[in-house]
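Below you'll find a set of structures to go through.
Below are two complexes that have chain A in common, paired first with chain B and then with chain C.
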Partner chain A sequence: MNKRALLVATIVFVMFFVVFLRLIDLMLLDHEKLSRIARIQQTKGQEILVRRGTIYDRNGRELAINLERPSLYCDPKIITSPQKVAYSLGRVLKKRHRLILKNLKADRRFVWLARKVKPEVAEAVQRLKIEGLGFLPDTKRFYPKGTLAAHVLGFVDIDNRGLEGVEHTYEKYLVADGGRVYLTRDARGNILYRGGDYESVGDSIVLTIDEGLQAIVEEELDRALKKWQAEAITAIMMDPYTGEILALANRPTFDPNRPGRFRPSYRRNRAITDLYEPGSTFKIVMAAAALEERVAGLNSRFDCSEGVIEVGGKKIRDSHKHGVLTLKEIIQKSSNVGAVKVALKLGPERFFRYVELFGFGRKTGIDLTGESPGIVKPPREWSGTTQGAMAIGYEVMVTPLQILRAYAAVANGGYLVRPHIVSAVLSPEGLIIKKVNSTDKEKILSSRTVKLLKEAFKAVVSEDGTAAQATVPGNTVAGKTGTTRLIDPKTGRYSYKDFVSSFVGMVPADNPAFVMIVVIWKPKHKYYGGEVAAPVFSDIARKALAYRYIPREDILKKNILVVSRGIKNNISAVEVE
Partner chain B sequence: MIHNRRGGAVIKLILFLLPFVLVFSIIWLRSSITALEYQLGQLQLQKIRLINEKSELIAKRAELTSVRKVEVLASKRIGLGYTDRTRVFYVKEVAPPVPYTASLNNQER
Partner chain C sequence: MMDPLKTYRYDKVLLFSVLALTVMGVIMVYSSTALMSLSQGKRLITAQGDYQFFFLKRHIMTLAISVTAMLIFYRLTPRHMKAIAIPLLVIAVLMLLAVFIPGVGLKINGARRWLKLWPSTFQPSEFAKFAMVFFLAKYLAETEDAREKFKTFIIPIAVMGVIQLILLRQPDFGSAFTLGVITVSVLFIAGTPVRYLLLFVVAAVPVLVALLMEPYRLKRLLIFIDPWKDPYGSGFQLVQSFIALGSGGLKGVGLGAGRQKLSFLPEINTDFIFSLIGEELGLIGVSLVLLFFALFFVRGIRIAGRARSPFSFYLSMGLVLMITLQALINVAVVTGLVPTKGLPLPFISYGGSALLVSYMSVGILLRLSKAEPEQYSLATTQDLIKRRARLKARMIKRRAI
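Up next, the complex of A and B:
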């Protein structure tokens, strides 16, 4: 080997040896420190995207869903020229630059600049390539049907925590655990898959609400609100056999997508939170008690000819003198004098037992927040006027739902059901993890009493009754009107201009598809339940029956065309009007 | 002997190349795994993008198929309305016995 070759070989060897030494330094001596730095450089912690579960109506239509809307934050220590950044961001975010500037100059390392921005806005911000800005994945709760069923669904806050309605009651199912996931990335920011999920999804909720029925109810409430220029209206439609709420609406209402823009009173679910004196709709207690205790029959007669009765020093009057009335007529014509006479015959203890049996004075147990139990005084707290007043629905405070439940007991054969709004909870994979029990009911009335009460309530919705305007062509309706004076806060006495008008009924009367209550607070021009609330009931019922393909009863009585699948013209008889 | 000499040379060659082959195999394997991880990472991102797109589409569908909206369109644009129940008669369908089908109601966890 010549000298030159030896020199080259030595240089190469020395260089390799240096490299070898450096490798030893990097891989053995400084291993711990360098691998820690590498881990920091190569891994990126990312918040797991937490999606709330979806809320569906009973037919699987989405009522509340999530949209990905990232949130923009900044590290003010990294922002070099806040003024310039504030102007640029202000244009993109459509926010005042002063507000942004204030955040950019904050003495913190993390400040939110905009929460839940639209994807196109996020892209526009990213295009600005401003150092110190970043996005965190976030979701926005979105209610695609707008105000529909707003009081049932409720709403969430900026951090997606349920504050009202089903969103609040079923929070523990709807939310999922969050946390962080660590991603491995290269120098260019490309992400390497290391397993694990980047998002977690909560369980979904299936409601008992039917979007179609809900839309019908809300449309009619809007019309009634306009017509009667009322302060508020509530309507609830329920399946009397299972307690499933088919529709529940209040007016005024709010948009759950922007709850902050509405007054708190608009967001209140009056159907379960607002108490009112039910008036004549409460006569169901008197009538049921009298029939069940056999104190009176439907044909028992009571003299109401004076049109007034004195109870505890106070006079209770009828709207006009009726003469001698049977119990059925007392209900049909809504005679206060007759109702008081029947109640006095029953006595306080027996009367109060039925108040309790119907569930007044305690919560119905509906799975919504803010339900009021109502106010019912026990007999030991009664004054001289109480029994007379309670017989006609005064000196007792109830919610619309409590009254509806009482009438559902008549509709379903005497059972007190538990109203509920959720039918099932589904896992993210679509499996049923909880099914709400609809068989939770208690027998409170005998079949005989139910039959007699139905007969009386059918008479109410007849030409001679107080609710002739509640009729539905082709189907019989049974129900009861209610009209009560509101307390005038100025005088502390019953007002002569402010009323609560209501109607509660069932249709078809003999085999009800639903029971429904309509309560109208402070209607203008007219105030009788039969004139104000009953037509609203009728309008809703007519559409709802058509929507649910419930046939007219008069057609059912006739022989109708019967077609068997696969067999042509298997006709027993055809009779078409 | 000739055979043995040749065999020895081959073994020597194999022994010489083996470490290289092993090192390169390991490097090749590891780089393949990394390439796959890149692909999977991209797919994961694509999956997230598609999920987001799906939820946007679901939202749009839910908005467009809102019963209220459909009703307004049907009544105002096409002139449809609820059926006049006094002019409808119902056809009862008597279904023949059907073979056993699996029920979706038994999906409880």
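Up next, the complex of A and C:
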């Protein structure tokens, strides 16, 4: 071996080394960067068919399902005689052939001809045996019960995306994988086909709604709407201990199967979006604060004999003169003057603390779309009239659900619950993925205060109270009426003919199965909450108690063995002495 | 220098490195071609059945032919090799010219580089390099004493120039370039005065410049400097090669799991197969390939170093350099170290002619690594006795087994 050969060999070895260094540079140092580029160019996101999860009521009854509705597309390049195809398709699809013809002549390789056609139409199209047509599996969301629980369920758009209600708030569960897969593609953009169709099935949702109760509520709302020719009605029924919404309905309503045909105002979930001045139902704040702070007892007396009181230059009146009233009577007869006097005794800061404690001015956190927090002015923004007005539920804006939650605290022993509409999320295989926490509650009132408040609210629903018509045969009801004037948008003053009438209550009073609020906007003929809303409460409550096999208290007292089906539908024998 | 009186078996290590590279080649050729993508509508379907093995079958067929050729060349003695040197060169030149005959030559992508040869095609440029090395070895061995003369320098250069001219007409710049590098290297090793070689290099510069004026070559050269400037146009190949190598990392994405073969990397089963190895087997895989080529090179120059005659020395040196340089240039191309040229990776790439020529070279190298005690010198009686005793002992041993 001569020197020159050795030199050449050395050069070759140096070349090996250089190449190796270059490989380390590319493969180790640039690894991250180049891998990222590789991932981007080698994959392609593709929309895939998602079968949305089913929505069930609390007992497993289907409220929202999917129907197989394949979509028809065509490849215009393959269509040889568009005229003929357009005519025969037009007959089958019952569409104008000109519209079809336009699509058949499009300068693309993929055009939708008809979205979500019925299976029998799809079959008829397939019988035509036209080259260049094809079906892609697609689904249409279907709400078998029609308008039932429409505001809770919400609705979807043509691409099955949830726009409102539970369909929207639980979108990420209902469509699970997001409807997009990343597939391997080649340099020409073709997808590496791995066999089978890419589809995903979303998780199912179990609501806290009871279809039976919902139906009862909606039936009664329809009746009340007709009877009072009201502009709108809302009713919410809730389990006071857990915050589970058992029924939630609004009138007017809409059909989620064809939401586009209804006005937006019909689709609005008034129970949580609409604000109103709660009126007398808001006196719970005054009463609770007075009792909790020991400013007054149930039997403390307040002189209301004048029937009018002036706060900040404005006169607040009672409907008629009452004389000297105890705190209990103030609530029972809904005396405005008495309520203002108690509130003044409390002072702004203490009063306002209880406004906040009951959660007014904050969202309740319910898992539905469009909830409003309400409007509550803090004491530093108060005018001279505010404290008086607020004591009787004016100058404060709340949602029906917020009022209901405040009364739930009385029903359940002093806890502020978080209302919710979904109890569990199920995987397609039926496994529980997520269980909604019902223990999320905060103690805001002492047991003593609760007991006393309940006494007062029971008195409301009696012959001497404002809500005599809220009584339910065989069971005691506790609750409170509310009647407020609406502001006339033309004059900017409180109207003398437009009212909001409401009743919120619990039944059976001592061991409530549910709390419920009924709010009626602009009823005709009559307007007092005790006359308009209380009967609706009574009708719903009577049927609901029967539906849930809640034993009548008067029968229980007669020492009879009864089989009771409780809240959770678990059967237990109850013996009472 | 081998001991003239000793018996040398063929170089097993060299054969091992070649076989290792070949096995990797078979696997990677299958990996790169198994998933042939047929576009159908919007989706891509996986090639079914026979199509999957189409390239693999052909590769194994050429491999069988190549191994046969290797065994034939292994049978040749150095004297035979010397005898066939000139005929080989003549055949090579004739085949190179035959490419231009319509009906015989085959034009692919505007280049006439292939001969139609049922059932396959043949690329004479590969063979031309092989023949050139033979000619060089023979000529240099015969002019061992006249190395200083300009004539002994200019004749091989002239032969090389003729072949290069034909190659450039095809056009096949890559082969012409490699041929030049091999020739000059062998001339250098043979002791050609450096001034002649420098003269050649100086003379070659204007030719190279003239050739670079060809727009597509200039473009290739420029894009090599920064392929990311036009990643979807002329830089596409190189960028895709980088992406393949880079996404492989240390361990690779896994055998068969490479994605760059989905039409991203062009010439994936031939010129850019090294990138696919990088993607699927990572730095570990490509280092192994480099290691085997280095082993091949080391054993190759060991064979050359032990050669008993100048002819054997030049021949083995030329062939080893031919294969090793080709491998290095291929790797340098796919890693963007030198401008793109259509060169296959020896032993690994799919492609008949290169594989055949490489195996023919291996046959020669193995033959040159093997040696009986020199038949033409007089062995002493003692040596013969020793040898006979050794053979006898071996036979007894074999029988015992």
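Observations, loosely collected:
Please note the rule applied: the second predicted complex is superposed on the first by the 481 of 577 C-alpha atoms of A that agree within 3 Å, B and C clash if a C-alpha of one lies under 4 Å from a C-alpha of the other, contacts with A are read in each partner's own complex, and residues count from 1 in each chain.
Here is the rule we go by: a contact is a pair of C-beta atoms (placed from the backbone, for glycine too) under 8 Å apart; a residue touches a chain by one contact, two chains touch by 3 or more.
Just so it is clear, the model here is predicted, and its values are computed rather than measured.
By the touch criterion defined above, A:Val12 lies against chain C but remains apart from chain B after alignment on the C-alpha atoms of chain A.
The larger set of touched chain A residues comes from B, when the choice is between chain B and chain C. Within the superposed three-chain model, A:Tyr87 lies out of touch with both chain B and chain C [touch as defined at top]. Contacts of A:Phe142 after superposition: chain B is touched, whereas chain C is not reached.
In the superposed model, A:Ile432 lies in contact with chain B only, and not with chain C.
Overlap of the chain B and chain C interfaces on chain A comprises residues 184, 190-193.
Residue ranges of chain C in contact with chain A, taken from their complex: 37, 39, 42-46, 185, 188-189, 191, 242-250, 259-260, 262-264, 278, 282-283, 286-287, 290, 293-294, 297, 301, 304-305, 317, 321, 324-325, 328, 331-332, 335-337. Touching chain A in their complex are the following residues of chain B: 34, 37-45, 48, 51-52, 55-56, 58-59, 62-63, 65-68, 71, 82-83, 85-86, 88-96, 107-109.
Of all the residues in chain A, the ones that touch chain B in their complex are 49, 61-63, 65-68, 119, 142, 144-146, 148, 183-184, 190-194, 198-199, 211-212, 214-215, 218-219, 427, 430-433, 435, 473-474, 542-543, 545-547, 549, 551-552, 555, 560-567, 570, 576-577. Taken together, the chain A residues at the contact with chain C in this complex read 1-2, 4-5, 8-9, 12-13, 15-16, 18-20, 22-24, 26-28, 30-31, 33-35, 37-39, 41-42, 109-110, 184-188, 190-193.
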